[in-house]
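Next come two complexes built around chain A: one with chain B, the other with chain C.
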Partner chain A sequence: MTSGNVILNIKDLNVNYFTLEGVVKAVRGLSFTLRKGESLCIVGESGSGKSTVGLTIIRALPSNAVITSGEVVFNDVDLLSLSEEEMSNKIRGKEISMIFQDPAATFNPLFTIGQTLSDVVRHHLGIKEKDKVREHVQSMLRTVGLPDPERVARSYPHELSGGMLQRAAIAVALSTNPKVLIADEPTTMLDVTLQAQILDLLRKLKEEFNLSMIFITHNLGVAAEVCDKILVMYAGVPFEEGSCEEVLLRPIHPYTKKLLECVPRAHRRVGRLRYIPGMLPDPKNLPRGCPFAPRCERATEPCNERLPKMVEVRSGHRVACHILAPGGEH
Partner chain B sequence: MPVSKEYIIKRTFSLIGVVFGATIITFIITRVVPTRPELLWAGPHATLEQIERAREILHLNDPIYVQLGYYLRDLLTGNWGVSWRTKSPVLPGILSALPATLELIIVAFIIAMAIGIPLGIVAALKRGTVIDHVLRVVTVIGASAPVFWLALISQLIFSSWLGVLPSAKRINELLVIETGFHPITGFYLIDSLIQGNIPAFTDALRHIILPAIVLSFYPMCLSARMTRALMIEVLNEWHVRSALAWGLPKRIVLYKYALKNVIAPVVASLGLSFGYTIIGAFMVELVFVWPGIGMYAAMSLLSFDYPAVVGCVLFIAIFYTLINTVVDIIHAIIDPRVKL
Partner chain C sequence: MTLLNVVNLKKYFPIRKGLFGRVVGYVKAVDNVSFSISENEVFSLVGESGSGKTTIARCILKLYDPTDGKIIFEGKDITRLKGKDLKDYHRKVQAVFQNPFLSLNPRMRIADIVAEPLLAHMKISRNEARKTAIKVLERVGLSASLARRFPSDLSGGQAQRVAIARALALKPKLIVLDEPTSALDVSVQAQILNLLEDLSREYKLSYLLISHDLSVVRYISDRVGVMYLGNIVEEALTEVLFESPLHPYTQALLSAVPEPDPSLKKLRKRIMLPGEPPSSISPPKGCRLHPRCPRVMDVCSKGEPPLIEVGEAHKVKCWLYAKK
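On to the complex of A and B.
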């Protein structure tokens, strides 16, 4: 585990949203590393702060969000210290790119796919000649498996299906040959058959483009499909991190265990779907201690008092829990 | 152009409907007002017999629906009637006044868009700051100030007190004679340029500035407020965030991408306010002695010249429907999702 291998290193990240109703602590004390060629899955329920992580890395947060502390180190540079101009010219979209949940809302409805894609290509790759831009646009659209790239380039977003739009979005994101791709729930809005196709495509392109990937999802099944490493988040706090196999087969944190029990399995026909009783805590009014404590069967005194800290339980498997991984305390 | 056959048919029918309805309503309203138009027709020194004869010529002895029948019959043959005031046909009278009004409105709209849309963008980007609040107050006042009041005040300030701009007419008549300026299209700004007559152009420009600015106030404030609201809405949409996430510079995302989403609805609402602006033009033309349709209609109204009044209403109804069609087509050109 040399540092030369690490492409992205998040250190003790804290992000708050300032809303009319109060301060929302979206991310609290998150740290993780992403190595070259690795794919990391951030898993959590909606509202767990996982999307905020993606937007923080490329610094595209809404204007009411404030990064209160932490570092986002990419290739030995702290991205949070760069100017907006450096960020948009050199990093955002160029080195680290992103695809989003709703493919229909990703593209501006008044511009063709080709126009958007060529603007990105022109800006980042500095290609001026019309023919070369067009060529690159078409080859990217072909790479993501879109038939008839010429027609797709001429199409407006409303003329394409969700699956095609998500492929087109991947084409835009990868057109600049980035090192890291952040995929924020890229299959959530798609049909199941399309989901599998898009996941396949991402897996294939990851090899082809030598990508490191951060995959944000609420779906453990999707996580198992594509990822080497899993990070489980809850109410902005990291709970468990480890290799895909470790976390899915030997989970330690009570939340992860519960989450895994909730995954419906076709071959195990139980009478009812399982769920975790209770709800995510109100983000404006978080409990003082472990945010999962109110829903946790094993919660005891310290759980309500202090936020648990990540502790390495097995090699490469870190857990934040007072009961099952004691020792981590602030 | 994305225009279907159904759209053209639909529009044609709505044109006929609007024109027919407007004609009937105006016709009835003018006839039920208790006036004696035959006196205007016969002149001040007419004898009783001449007046009686005038009533017959004007079909005033017939019931109102018969009068309407006569009018509609004439209308179908392209005859808009004869003005009782000028004794000349109504339609040529309106058409000769049209360029003056169009020139005024077009200049006003250019001013409105050139100032209103940028102001709206600034307000949206500086949302919640002092600039935003000042602009909101100014635009609310501007959109609600009566246009004739603005006209009078601007005359008072710029013509009376400062003496920098003329307060009436389209051009200085003396200058017309001296430089040999003669209208071709009726748009003086264009005509003077065609003839290479720079003094006439400057003079026409100086004459149009005040009335055009006064007239532009309402659409300017309207477009500023709409642009602000739409811009704020668009900036919150996902496609703006994804364009930024793909690293497109802010200036391109704002002024190339987001702005286009804003322009389409702003143009649509401006087009609709175009119709409203014609009404404003009536007031402005009256105050600035601008020889356009508004002036023609106002003079006709004041002298109970009903064929001319109905003719004006008819003309504006047609004009308004056509403008709506043009707005639809512009909208369809900007927004590919709109199919006509």
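On to the complex of A and C.
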């Protein structure tokens, strides 16, 4: 593989959470690469480990989480080997930024939007002159489409609506001109018309800033709107990865197929919805083999025994399934 | 036959300020809304946050007293019900809310949760009520072995089934569903939607579905009302509304829903509404959409558009469709 335009390379990542009730294996054997200017969408239901992936990359996992193995290679450096100081000065919020479902998470409620933004600009870009800082702050707020940037800069987070605050959070994330933006369900709390605005904005900024993006969502429609590539996860395990069209139009994994069938559609009339019987597995008590096996009608013996590995089925289309993509033992 | 008839419903919430709670204004959450629901019909109110859809649901459930207007159920105005009639109304109209864990008592066993409304409304023993409860639980797809468990032992989907069983236990006529699947994962949401569909057919139930999710609304509804800032701006049969929406707001709302099928995506044209919905404390004069509307005309800022009948059971509140 040419590493030339690969910006982020995740290799065999495993993350556990230690809780009073037992160990939760949040991510198991995840590998993927992100190229320059590419947007990858991690899709999954609750407990799929999709948010853990984002937090692992910027090394912001809660204290009970342990990365048991794996590498996160960014620009030829394994981020997991860096000290916290190097991480917070050079990488987090500088080279790799993140926005969250709740934009208020980006801001300290006691500081104005302008104060937060100028802090970031001073710390990461080393701009000291007051005028230049202010200029940069204003131009960032304009870039994300906020009307009246002066007023927004003077506002406290609670004075802005959800949509405006998410725009401001995007301004903070992009103010340092990062290489990678991780967006964790950035539109889930917003109404559809605002969601459409924010997705449009992210698409536009991705081009403008030549960003690589990891987009985390549970909504297949949102994934289709913004992404070049899709990675489907279930109970911490990667199941399918490929281009947006490949995964959504020619899915191979039984889970992906079923998931697509059980989404009601607004733009098309559907017959009776198919559904996936049973429920998501208990994260503290995962099945030994493929986590989807108990709900999968095609499951046979190996499914209950061993975790499937990703195999390339078609060019760029990888699937982890003992039945439909056999041979993934190594 | 009409089961529920909402006529010119208004609900204003006073805004109070200062030491003596002087009323300085009103939030006009619901402003002059009328619609009806027939027997065995699924009617949905869809809209974004602040459009007033939940307030309407709460007025119907008698959790709020309307400021003005009538809610007529089986020929009687519910705002005036008393005594036995009132109790009867509460039996016939049930509710399922978004978060089942907030609507189920965490200290009660599942069977008791479902038996409670039976004990309140019927003269039966606790044992009989429990037996009936278990039958209802089985009908909604829960095994009898869960009957002695507590809500905290359940998954989100299972807990929502319990909430549905409790609503169903009294054989109601109308169930108000306020975002019943918004807290669920998609694979579980499909199970619940199918269950709701089966139950409405089996028990000849009517639903009032409150939702912001247009795909859920399309799947389950017979008829839909689209709300914006306290008004119903368009009302039509589901397929008519989704295939040929007329109101600019409905068109924009529909075009904003992300579509998972990349082959359909190219056919769609996006209509962007600039900005965000204004506050319902001082809604724009004239048509409430006019500051954001892509097809705004002079008349829009001057007068409130009437609700215009454009086809069978299809109404639009927009000046574009007014006869010259």
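Rule of thumb we're sticking to: the second predicted complex is superposed on the first by the 317 of 330 C-alpha atoms of A that agree within 3 Å, B and C clash if a C-alpha of one lies under 4 Å from a C-alpha of the other, contacts with A are read in each partner's own complex, and residues count from 1 in each chain.
The rule is simple: contacts are C-beta pairs under 8 Å (C-beta built on N, C-alpha and C of every residue); 3 or more make two chains touch, one makes a residue touch a chain.
Since this is a predicted model, take the numbers as computed values, not measurements.
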Give one of first, second, both or neither to describe whether A:C244 is in contact with chain B, with chain C, with both, or with none.
second
Once the shared chain is lined up, is A:L273 touching chain B (first), chain C (second), both, or neither of them?
second
Using the superposition on chain A described above, determine whether A:P109 touches chain B (first), chain C (second), both, or neither.
first
With both complexes overlaid on chain A, does A:V172 touch chain B (first), chain C (second), both or neither?
first
Examine A:L40 and indicate which partner it touches, taking first as chain B and second as chain C; both and neither are also allowed.
neither
Once the shared chain is lined up, is A:P264 touching chain B (first), chain C (second), both, or neither of them?
second
Touch test for A:I198: chain B only (first), chain C only (second), both, or neither?
neither
After superposition on the shared chain, which partner residues are touched by A:H124: those of chain B (first), chain C (second), both, or neither?
first
Of chain B and chain C, which one touches more of chain A's residues?
C
Show me the residue ranges of chain A that touch chain C in the complex, using the header's touch definition.
45-46, 161, 163-164, 191-197, 199-200, 218-225, 244-245, 248-249, 258-260, 262-270, 272-277, 279-280
Applying the document's contact rule, which stretches of chain C touch chain A when the two form their complex?
48-49, 155, 157-158, 185-191, 193-194, 197, 212, 214-219, 239, 242, 252-265, 268, 270, 272-273, 276
Tell me, which parts of chain A touch chain B in their complex?
55, 58, 60, 84, 88-89, 91-94, 97-98, 100, 102, 105-111, 116, 119-120, 123-124, 156, 158, 169, 172-173, 176
Chain A contact footprint on chain B (complex, rising order):
237-250, 252, 256-258, 260-261, 264, 334-337
